[in-house]
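Order of writing sets the chain letters: A, B, C, D and E. Residues in each chain are counted from 1.
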Amino acid sequence: MFAAMTPELLQAAAASNQWGAIFPELALGCLALLLLVLEILLPKSAHARIPVVAILGQLVLLAVLLWNFAPTGLERDTFNGLLHHSRDGQFMRAFFLVSSILVCLLGTVALAKQKLPRVEFYHLVLVVTAAMMLLAQSNHFVLLFVALETVTVGFYILVSYFRASPLSLEAGLKYLIMGALSSALLLFGIVLLYGVAGNPALPGHTAEAMNFNALNAFLAANPDNFLAKAGIVLVLAGVAFKIGAFPFQIWIPDVYQGAPTPVTAFLAVASKAAGFAVLLVLTLRAFAPYATLTVPILSVLAAATILFGNIAALTQHNVKRLIGLSGVSHAGFLLIGVVAAVSTPLALGAVYFYLAAYLLATFAVFGVMTHVAGANDAEQELDHYAGLARDNPFLAAVLAVGLGSLAGIPPLAGFMGKLFVFIAAFKAGLYPLLTVAIVGVVISIYYYFGWIKAAFFEAWRAPLQEGEIDDRPARTPVAWPAGVTLGLLALCTVLLGFYQGSFGEWLLTR
Amino acid sequence: MNISLNHYLLLSALLFAIGFFGVLLRKNTLVIYMCLELMLTASTLALVAFSRYNGTMDGNVFVFFILTVAAAEVAVGLAIIVALFRLRQTAQVDELNALKH
Amino acid sequence: MTANLMFYVFTALTALGALGVVFNRNTVNAAMCFLLSLVGLAGLFVLLEAYLLAVLLVFVYAGAVVTLFLFIVMLLDVKGGRRSPFTKGTGLAATVAAALIALGLLSLYNHGRIAAALPAGPGSGSSLKGYAYQLFTTYLLPVQIVGFLLLMAMLGVIVISKRQAGTEDGK
Amino acid sequence: MSQLPFDPLFVSIATPLAVALAIAFGLPKRYSVKLAYVGFAVPALLALHCWYHFPAGAGADYVFATQYSTGLASLGISLKLGLNGIALPLFVLAGLVGLAAGLYAIQSQAERLKHYLMLLLIMQGGLMGVFASVDIFFFYFFHELALIPTFIMVGVWGGRDRNYAAMKLTIYLTLGAMLSLIGLIAIYVKSGANSFDLVTLRHTLVATPLAGGLQKHLFGLLMFGFGILVSLWPFHTWAPLGYGAAPSSAAMLHAGVLKKFGLYGLIQIALPLLPLGASQWTTVLAGLAVFGNILVVGFITMAQRDLKQMVGYSSVMHMGYAFLGIACLSSLGAGGVVLLMVAHGLSVALLFLLTTSIHHRTHTFDLNEMGGLAQKTPVLAAFFVAATLASIGLPGFANFWGELTIFVAAWTYSKVLTACAVGGIIISAVYGLRTAARVFFGTPTEELARVTAAHPPADLRWSEKLPAIILLAALLFIGFWPKSLSTPLNAALHPAWPAPGALPLQTTSGK
Amino acid sequence: MTPVTQALLVLLLPLVSAAVIALFLRRQGGIATLVSVSVAAALAAVSLNLILGGERFTASMEWLRFGNFAVSLGFKFDDLAAVMLFVVSFVGFFIHLFSTGYMREDAARGRYFGGLSIFMFAMLGIVFADNLFMMFIFWELVGFSSYLLIGHWHERQSASDAAKKAFIVNRVGDFGFLLGILMCYWVHGTVNLTELGATHDGGGIIYSRLIPLLLFCGAIGKSAMMPLQVWLPDAMEGPTPVSALIHAATMVAAGIYMLCRIEVLMVPDALQVIMWVGTTTALYAALCAIVQRDIKKVLAYSTLSQLGYMVAAFGLGSSSFELNGVAIAAGVGAAMFHLTTHAFFKALLFLGSGSVIHGCQHEQDIFKMGGLKSKMPLTFWTFTIGVAAIIGMPGFAGFFSKDAILLLALQKNPAVFAILALTAVLTAFYMVRMWKLVFFGATRSEHAAHAHESGFSMTLPLIVLAVLSAVGGYSGIFGRIAGSVAYLVPHAEGADHTTILIVSLAVMIVGAGSAWWFYKSDATDTLEAKSRGLFRGLTVLKESFDVLYDYYVAKVQQRFAMLLNFLEQIFLAGLIIRGCAGLVGLMGLGGRALHVGSLHAYVYWFLFGLVLLWAYAAGVF
């Protein structure tokens, strides 16, 4: 075996792999390993500091990433075409990094209530984040699959992280089986595409059948191939699971409810965004010649997703399920953006802006949820929010801003996201989808408002009768790092609604 | 009749379908998990066949990764099932419905 | 012809094994059927000249995964035979599902034919060096990722299946 | 022109918002209240300043115009502020009603006054922005900014049924806002101007009008979108309910100013940009306005027993005149609508203020339980009667001019509808005077006698009187000197408007 | 001062007075009285100067402009306006003066005099208005001031109701008036009175009939013609000087003034209608007056009746009356003549009744008075002059003006003549009945027993108005103020002259004599006692309109409103909106219920999605 490793091979390996291009991912991986090393090296009393290392390390990385956000020669393929770097990829990197930082921060709050190993949590989050970054930039099905599975397996563990809680484990099992099923679908789709694209009997067949660019060329040469269609459909089904699009959204409330709150946030934001990054790459690049297939499917999925998500959320009392179902409807809105992106470049910027706004708002809400939730993470009812405005105006305000942004209420960032999506959709002529979107927005007002109502309007909960026990969990006091973070999230949500500045220019100019 | 790519493809699809059906049908989480693995291996069969008939290596290499990933997945999955069994004394999915509505 | 015969034999083994997994009431037997199916599959790999993969399949799946399954089955002492895989309510649904899946297969059979002749020369999957070359050049990055994945899975298994830190270890 | 060293429009928007922000960041209550005076006074004073210095020869041009970039230049969005003759009256209206509502709120004994004022200030900032925006995106944006506090104020500080009312209000208004947003986006996209700047859009669309069929759809969107926001029948049921539940200052600002957003949008944006589309909807619009808003709602108003609901319904009814004026598709009608908007804004704000003042004294809104209050509170009675008479269009108050102009304009549109609409003045006289008489005149009822025996009602305090005087003075000033508004309005409407009769009333094909 | 400035001064002085009183003098009743009365005096002086100065002018300025549509604030001061100005300012001043005494004890004097000032402002606006929009504006404003003053004693439910009723009924009339103005504007292109005269080309036949009739609606409301006469008797709830000024002398006459202003728009068909409305009202009101017990109600119905005369005169004589071959607006002349004399004697009668009421501690029932002749001699004598004037005693003002109208009727329409003559009989009957019951016989109540003559501020106006009632009919007076309008008054010649003289003397004697004979100062109504059927018939006649309207308001209008409200609550807000919300809510529950928690169900979802996608890929859809 070693004899095969000739110097030429090593040279070839060195020449084809540009490790520098993936320094953020590498840095994250190394940081993740460092955490494990630190756990072994440091005395037990210092273990509490390890999360700080994780967060600070990521902050430094974020700073470095932003410092050199638009390096020269950005648009290129590396690793023999496994990866494609682009400005969108850069955006997604930053996006995942920010969400990872926030998840780690929420983790510190949530894990403090549990007697569980901590370092592994951050390690997992970091590795998953790195994998998501690669996923978003993948240009090849092998890398896509491997990165996706890394993300998925990481999430299996994270979802069932509260191993003492049967609900967390049940959520883990459900996620595991649905995830594995969707992975299988995705994989079979990939296989079909590989088989058909590399088939020597077909025109335009390619040796690089799993490379997106090559696949694109092949599909363009074979406009109506059943196997290719079947493959595309299966891949889309797999991705639809990730983003929670109808009818592959059904797992979401259960898993969201059972998972630890920070993990739910991670699932809701990063995992969904990763799905969208992949979906965008696939529909716009790999499957672009089959737009006649993908666009109707995605359109119908978008409409159904918006409607289902909103309607199912309407009467929900468990806030985690609620936010999960609302996330489903957001996926629908984003899908509109994806559909529009097929014909309108602006839509791409709209989707990314929407994601950014969604990140800020969702983490704001989850931050509040983490503080309102008791030790039993899964039972978070709307009732628990009664009186929040009186007891803790700060949390209530952050919650209001976050929910308002999710509902798409100006002047918050979520509204701008919706606006851009709408403009893009209008430019793309997606009038039926816009109609559905409006219906969705109007329905969604009901439950978002219901939540705000719970926190604000019913502030004056009747004093407890004698012998009655307050079934609401005790609220966690807001420590300063979490407080600052939540404040920043809310502030950014407001600011981004008022003033998009160069961020808006950068995203929307294409 | 010579064995062609179509045969392999069909067999692979059949395996995939059986696996899917198994997931639909069985109540035991362990068996469901086996069925899921079956679906993965069905894919590998198609992959190998395609690789052979297309004359490219990628498919075969991909199988490597699939097997690795599947192994990791199995490990984690079984861990979850075991942990859950410890808490709930069951491995039947219809008894695992504390999360609903 | 031998190849054809072998194909059908292995196909039968694989398919029957798979059916056995689905329909066997006993979990242990199901695992055994899974093993059978995998053996058949390995055979088919051999027919496709992917010898290394056939070996790996037997090692990894038959050797590790199925063993693990069996181990867990024994550990949990699940009385798989306790009930029929079919229950009243799901019978109809399963039938419909089966019909739909069959329809899908049929459509694949009808529309999805691929006319491809076997390329001349030995299969690309037969060369060990080829794998190595691919894994160390083109697919170096996935290999690294898979490394992380395995590490993560290991950690995950530890995290999830450790006894409760708070309850037992802590006291 | 303005001699100020700063941009009056931006400052008038920013001041209340800045004060609100300061309160949000935990300013102590004492300073909050003091700063709130500034936050409400500055926009009002600047609005009056702009009115006074508004150049006579402005025509349809925007004056005091400024532009700020917010990072969406690629979409053609920028914060472009300016006033033309159409915007000016409403800008002034926003300033004055805001000041009145603010003064009233500051003096009210609301719970958590700080937050109440903060929300009101946000609303005020948004309102100033709505009418100062030349960019139609920001026009919408500021509207929503002002709308959100309404929901919260209704929900938190509201009266009976506040939960249901807040929810219904929110859902209805969101629906309306979404429809109009889509309509605005549609104009933006279909015009091809790649700009939300109204001036650019107008140039583009005058040069190359949209096809008639398309215009029809777009105008329909805007008409129903804006219509819901302005309580076009039968999408009006949120209004009486919402106003019935809303705290007084919120109701004043919403019914008085914010609601005018829709009409303003129709006049400033929809009609000039989509004249062909408008011409195909006039029948529907005028029909709904006259039969729905004026007649049906007019009669429903008569049947109300609850004072606040009555005011709410009457506000819905008067919107019918405004819609009729818009349906005329003439600069005359539009001018009348703007006058009516200003007048109605002032009068309905005054009515809501006084309604609350009445409630403080009678502890009921039920008309059947009131009577003879004028003996105890003559000044309150005088103000209320004045407000009622203003709202039913007595000459000498601003409302009359709006209604008269609309009637004159509507005659050429449809004589029958005009006759029905003019019939509305009888209906409004019936319910208006009946209400005034029920509350104030005649002999006190037993219930009222009991209440007044327990809490002897004082006459209007200065804290209530001052905002009322501001509003009433404005009503009278415009009523006696309508030219102060109509001159800039006329100058702005005329150049931007197709001459009456130039529009074919049934056009199916555009360019 | 130029005449325009004077006119402006006349118009604005009362406004200033009203504003000052409203802002500063609400509680200083004395100062308010002073301000209001001195303003009234000043404007009477300036008006007199204007009228007698002989300068006639037009002037206008823009008030509001949108494109071609402009409303202007303008003065058209011609002889017609001069007559009206005289009536308003002169009678107005004396009623102000009377009020100082009458309202001396009223706590809300400030409000009262403020209201009077607003009224003067509004009424003068009508007088001066040079276009119909402006006229409409002030038209509504007089309605408002009338509302204010009728409801002066607002704590009385009846006063509050009466004020409301007056305003709303007037609004009904204004509805037609405004429509007429709108139609006039769009048909003739202008509403300027001068321009209308110049450009009037008739328009379409429908328009030319409809416009005057719609405008006449305004007069119907304001001058309380049938069928909108119901508000005027109720308006007597206001203080008596208000009844004298607004509901007898000036405001209600504004309808006639307005008709005279728009005389150019008239066409024969419209005039026929106007004539019959006037005639009917005259007769009806006279019949109603017979059965009234309230002194002010009698006068109110008499006012109605006289207004009917004026309207009938206008309808009879306008446009097509020929005198010596020249078409002159004889109706205008006759109507304005009667308007003027009526203003004098009716104001006199009302003030006289006010003096009586004041003297009797606000007792208004004529059957509880009696024998006041000796107790209130000055009031008695002036009142007698008023009665003489109204019943057409030769030599008094009413005689001339009524004769002019009868003459017109005789020449134009015998049926109308007959009715008007009958009305004159009735007028004499009820006036003498009242006069006799109030001043003669025994005192019939405590209040009447303690009656005393009123003070100087109240008697002076009585004397002045009595003088005017006596001599106002002579052309030396009326011609001096009316100028060219006086020439329009028809004068009987020859046989007509004799006929008219005989008829009018006969009706007066018959009416007055029968009343004198019939009412023997009984404490009860003789008519009621003697002729129960007739009495009841007349009462029903009087009340039928009120009953009808009350039925309409309470049973039709209000129930219709309730029905619509109910439908809105049930169908719109309930069934449709809550229904939709409920439906969505149900779907929400359903959507929630889909998450059954079972893995298998979820896998079926996946299968479902997969099948759909696969089917689409396979081209099934």
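As a convention for this text, contacts are C-beta pairs under 8 Å (C-beta built on N, C-alpha and C of every residue); 3 or more make two chains touch, one makes a residue touch a chain.
Treat the numbers as computed from the prediction; the structure is a model and nothing was measured.
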item: Subunit E reached from subunit D - shortest hop count over touching chains; value: 1
item: Touching subunit B and also subunit E, the following chains; value: A, C
item: Remotest chain, subunit D as reference, centres from CA atoms; value: C
item: Taking each chain's C-alpha mean as its centre, the one farthest from subunit A; value: E
item: Chain occupying the middle, per Cα centroid; value: D
item: Distance between chain centroids, defined by C-alpha means - subunit A, subunit B (Å); value: 25
item: Centroid distance [mean C-alpha coordinates] between subunit D and subunit A, Å; value: 43
item: Centre distance in Å when subunit C and subunit E are each reduced to the mean of their C-alpha atoms; value: 101
item: Mean-CA-position distance for subunit E and subunit A (Å); value: 77
item: Sites on subunit D at which at least two other chains make contact; value: none
item: Overlap residues in subunit C, where contacts from two or more other chains coincide; value: 90, 93, 97, 101, 104, 108, 111-112, 114, 116, 119, 138-139, 142, 146, 149, 152-153, 156, 160-161
item: Multi-chain contact sites of subunit A, meaning residues that touch two or more partners; value: 142, 146, 149, 153, 156-157, 160, 163-164, 169, 172-174, 177, 181, 195, 199-200, 226, 230, 253-254
item: All chain pairs that touch each other; value: A-B, A-C, A-D, A-E, B-C, B-E, C-E, D-E
item: Parts of subunit E lying in touch with subunit D, wherever the complex brings them together; value: 26, 62-67, 69, 71, 108, 133, 136-138, 140-141, 144, 147, 151, 154-157, 159-161, 163-164, 167-168, 171-172, 174-175, 178-179, 182-183, 185-186, 557-558, 560-562, 564-565, 568, 572-573, 577
item: Touching residues (chain side subunit E, partner subunit B) in the complex; value: 592-593, 595-600, 603-604, 607
item: Subunit D residues touching subunit E - in the complex, by the definition given at the top; value: 168, 234, 237, 241, 296, 299-304, 331-332, 335-336, 372, 374-375, 378, 389, 394-396, 400-401, 404-405, 407-409, 411-412, 415, 418-419, 422-423, 425-426, 429-430, 433-434, 437, 440-443, 482-483, 486-487, 489-490, 493-494, 500
item: Residue numbers on subunit C that touch subunit E, as the complex places them; value: 90, 93, 97, 100-101, 103-104, 107, 111
item: Residues of subunit A touching subunit D in the complex; value: 346, 397, 400, 404, 409-411, 415, 419-420, 422-423, 426-427, 434, 438, 441-442, 445-446, 449-450, 452-453, 456-457, 459, 498-505, 508-509
